[in-house]
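For reference, chains read A, B, C and D in written order, and residue numbers begin at 1 within each chain.
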Amino acid sequence: MIIVLKPDAPVEAAAEVIDLLDTAEVESHLVVDQGREVVIAPGAPSELVAMVAGHGSVERVVKTGGPAMLVSSAYSPMRTVIDVSGVSVGGDTFVVIAGPCAVEGRDQILEVAHAVKRHGARMLRGDAFKPRTSPYSFQGLGESALKLLADAREETGLPFVAEVLDTRDVELVAGYADMIRVGTRNMSNYPLLRELGRQPKPVLLKRGRTATLDEWLSAAEYVYGSGNPNVVLVERGIRTFEPSTRNTLDISAIPSVKRKTHLPVLVDPSHAAGDSGLVPALARAALAAGADGLIVDVHPDPSTALVDGDQALEPSQFGDLMSQLRSIAAALGLSL
Amino acid sequence: MIIVLKPDAPVEAAAEVIDLLDTAEVESHLVVDQGREVVIAPGAPSELVAMVAGHGSVERVVKTGGPAMLVSSAYSPMRTVIDVSGVSVGGDTFVVIAGPCAVEGRDQILEVAHAVKRHGARMLRGDAFKPRTSPYSFQGLGESALKLLADAREETGLPFVAEVLDTRDVELVAGYADMIRVGTRNMSNYPLLRELGRQPKPVLLKRGRTATLDEWLSAAEYVYGSGNPNVVLVERGIRTFEPSTRNTLDISAIPSVKRKTHLPVLVDPSHAAGDSGLVPALARAALAAGADGLIVDVHPDPSTALVDGDQALEPSQFGDLMSQLRSIAAALGLSL
Amino acid sequence: MIIVLKPDAPVEAAAEVIDLLDTAEVESHLVVDQGREVVIAPGAPSELVAMVAGHGSVERVVKTGGPAMLVSSAYSPMRTVIDVSGVSVGGDTFVVIAGPCAVEGRDQILEVAHAVKRHGARMLRGDAFKPRTSPYSFQGLGESALKLLADAREETGLPFVAEVLDTRDVELVAGYADMIRVGTRNMSNYPLLRELGRQPKPVLLKRGRTATLDEWLSAAEYVYGSGNPNVVLVERGIRTFEPSTRNTLDISAIPSVKRKTHLPVLVDPSHAAGDSGLVPALARAALAAGADGLIVDVHPDPSTALVDGDQALEPSQFGDLMSQLRSIAAALGLSL
Amino acid sequence: MIIVLKPDAPVEAAAEVIDLLDTAEVESHLVVDQGREVVIAPGAPSELVAMVAGHGSVERVVKTGGPAMLVSSAYSPMRTVIDVSGVSVGGDTFVVIAGPCAVEGRDQILEVAHAVKRHGARMLRGDAFKPRTSPYSFQGLGESALKLLADAREETGLPFVAEVLDTRDVELVAGYADMIRVGTRNMSNYPLLRELGRQPKPVLLKRGRTATLDEWLSAAEYVYGSGNPNVVLVERGIRTFEPSTRNTLDISAIPSVKRKTHLPVLVDPSHAAGDSGLVPALARAALAAGADGLIVDVHPDPSTALVDGDQALEPSQFGDLMSQLRSIAAALGLSL
């Protein structure tokens, strides 16, 4: 059960509602959604609805069926549109975010930024901190990469998204980036999610490699329930037995998770496939299946990339893909 | 290594080539592809190419890189188009096969056949023999269902595909159906595959629930190498940890398997999703990802279906889906 | 609901019970378990118990909780012991079946049979028909292999188990073997399972590579419900993402499936691991986890084996393993 | 390639070796293993061995075959024994760690501590910080739980292990616990692993729910290569399609990972099964398969546990399990 208080509820109202639930031996949690106090009572039986709804400061009581979460469609049936420095994610425009997996130097990031902008990307991706399987692989350039991304933003006007790995770096990354990414390895890093919920930059939350849809949404709830409603989900492939791709893109997750949540959902075809030759087909499929956008690896010279070169498109391949997407988007009544 | 003999090779030529390989201690197999003798030598080292190619009756020697199979792209780089009673599968038309999971009676199958024809389906599906997890579930109507399907074909002009489960029923099913389906549970039923290779009706081969792409192609090779080159593959979802769908549609399998083989590839969004609400999104994604067509469950009244009602579209929902597919197909330069 | 009729029930009793259920719109199936008529009514609500139990020819009515199956623990709470030509499977002796994956010739099979007998194996394994991923791999020696196995049995006194792949070969294999194996690829080959249910030889039913426990038990019910109660289950590893073993032995399946069924459960550590170096650890774990026995690959010279040599133990390694198992069995109060 | 310098190598030696590799365009990393300087050069070709070995300060050069890591068996062929406040993990004693999933209060933890001690546990488990799927579930008592664990240690003499979730809490947890656990969700939280590598308390590293063995060892290398060689691995089940257990215990991982690494390996049967009725069978299997010990959930009253009560043993069940393990350990020549 989710209990939304009236905007003008007096300060003591939340405590009163929580006491009511307490009396009925139901545990509850006070959260704030965009200035509005909300009480979450996951285990409340539906018989309590009338009683709680009777409190004068209660605006509405949501019976969720599934888990009681602010990210659920039950709580907010309208689809959410999130503003990232002027770019709308989740509306009628299919948003393409593109750029290199890792920032490797000034020339690289500027070249890619200009190229993806020219071909129609709305945002830039590029990382300063890379979570690598081996401690002896390239781990990212750190703050200097964030500065280069800021320079690329200044030159191209493209907002950028960058990954954060450590609670201690949230403030640093948030100081530069327009949007902060949580990678698949950190989807269940709850202290990191809470910290991201306490700062204002939008969050791009990748699905964990073996997270179910419900676990993914619970991770989003960690951010949202900590105070930051600007969460965008990214399906990036799950781990299966099939060896021909790096991961198995769970295309059904797009329509499936959109039933469960009001948050926008993007697809990362690059990390799913691990193979640039498969990226265009997956990108087209994502659009056709109803995703709100893509995050795609593009590198000026994939063969020399320090990270994940196999999956990066060259700028011209990215241009071809964007043309294909434009035709399909038009057929679906969307812009790109 | 695959060695293709000249059309006019004398009868003793194949034996001579096999002897040559034998001398080099390489095992080989003689198969016939559309009248042409072909020797398959899976383990032949590339040093033998020149020697074998030197034989006067050898037209060409194919080095396959991967497994030496007639279904591989290396053997036949051009995409194969398969004729099913006048319907071309694998060409510029995205072929939609539709109908009920199981034939339940005359009215049901005729009603669906007319409906799917009206909305643009090119073939009818419907089963007489159902492989059910429980021995106490409805197992299909048997031969009488095949007769009803033949009646529906006569009324609508739609060729039909039906499943076979037992080597002893191949002749029976082939006597009625235009195309014979091998279900996911039988993908590795090799005696059945061989038997289907020895009869002329085209075969629709579903991917096993946990088959890798290479295992799936090897299953196709059982049919092809036994004499029947008319094999169409169907991706229908693989088994993963994710519980929100019945199976996980492996959308990457479309571009991935099309690199490996010249055979057409369809998608079954119904059995993948197990949920009719997800079928349209998966069907659109399949088209956008490059599939050659679909096989979709349609039932006049899904709530009363004896098998898999949850995943069947109603005829009007199927009509809506076909409209969506028509727009996307046009954007991709295909007809429907 | 499972309704067991009295031994002396008149011939019309079953039809009367089925009529009773029919009147309540509950579908039911008549099966015969070791001479006793039993009516299976999977969807019967528990309110009907009293009514059905009131029929004079009904001995007892079993409410199953889970699926209504003869293989379920609810139907038969006592653990079943199955006799295979004098060897008891499922009792206080941990039964080890050993031998080569495929019969390759007289010397090979006789040498292995004597060796495994000497080290304490109770039964011999060896196949005449091999289901191979590629049609161009060795497919088994067919009937001549069955004759060699019969010779080995005559020399050593060990009963043998062999695989059948085709409904048309059941009679042939049953004519030689003491027990018939259904391989992982055929676990859902229902016509084959039914055919095995109609002949008297005990059946060794391997778990499908991605079968859930409930699907595996339903497959066993196909055999049992068709008239053959002598079914032994074999856990042989499931398909997962982990590449370091051929399959992932699901050790939890042993205690888990033994809660659900009264049938004996063996483990095949060889096909699970695909690596002979891991076989002893898995074999010991199987014994400790409560399995009723093992089926293990042993080959006189694994490096030359035509099938699966990587996973076969040499006879001396098998001897060492048997010593280890003997100690653990003693600690657990079992004999070997 | 791993290059171990002599104990008395001059300060400039490491830089010289790195320069040599640099000249050959091979990247390398300097780490310190128990006071000894070691240079890791993952991509070094074996032709360089002689050159590098020729440097006067090089003691030995290890060609690793697989990844160049300090945790690999190639680097240290002898099995490592790790001391945790007097308890040896990895030697001839099978070490059982037991206790509640979460610390819930003084009475609970003291009662369990005394009970598991009485039955033969060598260490206590209990958490202060719990990573919960939902932000609205009990998240642990924090520092006060650590104090209670310290009290339980004082009363019983059992060292304890507790989980850490946040890089910012490492110092806090290390201030109380004898050993620090990294949970399955954090196996790829590299900043956390590095931080644990920079403090001296032994680390218990659980396998990620979908980590391959190689990814797990790379995670261990993050700790070891950062300066802390005291790492113990815990297999705790992987995520598969099988729904009857919470996870699928990968019993093959025990012998398999012990081939690859010299570190000790424990098993967590409780989190693998998610069901206390299966725990004894899995625990016995772990011992028989060669694990170095267990970490088991024990709760004085599982039905009231705040976290994971379904999988916790009651103290008397734990006692029974310990008796069984004692018999098997004796049969295997181990003590408990």
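We adopt the following convention: a contact is a pair of C-beta atoms (placed from the backbone, for glycine too) under 8 Å apart; a residue touches a chain by one contact, two chains touch by 3 or more.
What you are looking at is a predicted structure, and each value in this text was computed from that prediction instead of being measured.
Participant: So using the touch definition from the top, which pair is joined by more C-beta contacts, A-C or B-C?
Facilitator: By number of C-beta pairs in contact, B-C is the larger.
Participant: What is the chain whose Cα centroid lies farthest from the Cα centroid of chain A?
Facilitator: So the farthest one, by centre of C-alpha atoms, is C.
Participant: CA centre of chain A versus CA centre of chain B: separation in Å?
Facilitator: 38
Participant: Taking each chain's centre as the mean of its CA atoms, how far is chain A from chain C in angstrom?
Facilitator: So the centre of chain A lies 48 Å away from the centre of chain C.
Participant: Averaging only over C-alpha atoms, locate the centres of chain B and chain C and give their separation in whole Å.
Facilitator: Each chain's C-alpha centroid was found; their separation is 32 Å.
Participant: For chain B, give me the residues that contact two or more of the other chains.
Facilitator: 210, 239-241, 243
Participant: How about chain A: which of its residues touch chain C in the complex?
Facilitator: Those residues of chain A that touch chain C are 239-241, 243.
Participant: Note which residues of chain B are touching chain A in the complex, please.
Facilitator: Residues 210, 212-214, 238, 240-245, 248-256, 259, 272-273, 277-278, 281-282, 284-290, 324, 327-328, 330-332 of chain B touch chain A in their complex.
Participant: Going by the contact rule set out above, which residues of chain C touch chain B in the complex?
Facilitator: 27, 29, 40, 42, 67-68, 131-136, 165-169, 185-186, 188-191, 194, 209-210, 215, 218, 221-222, 225-226, 239
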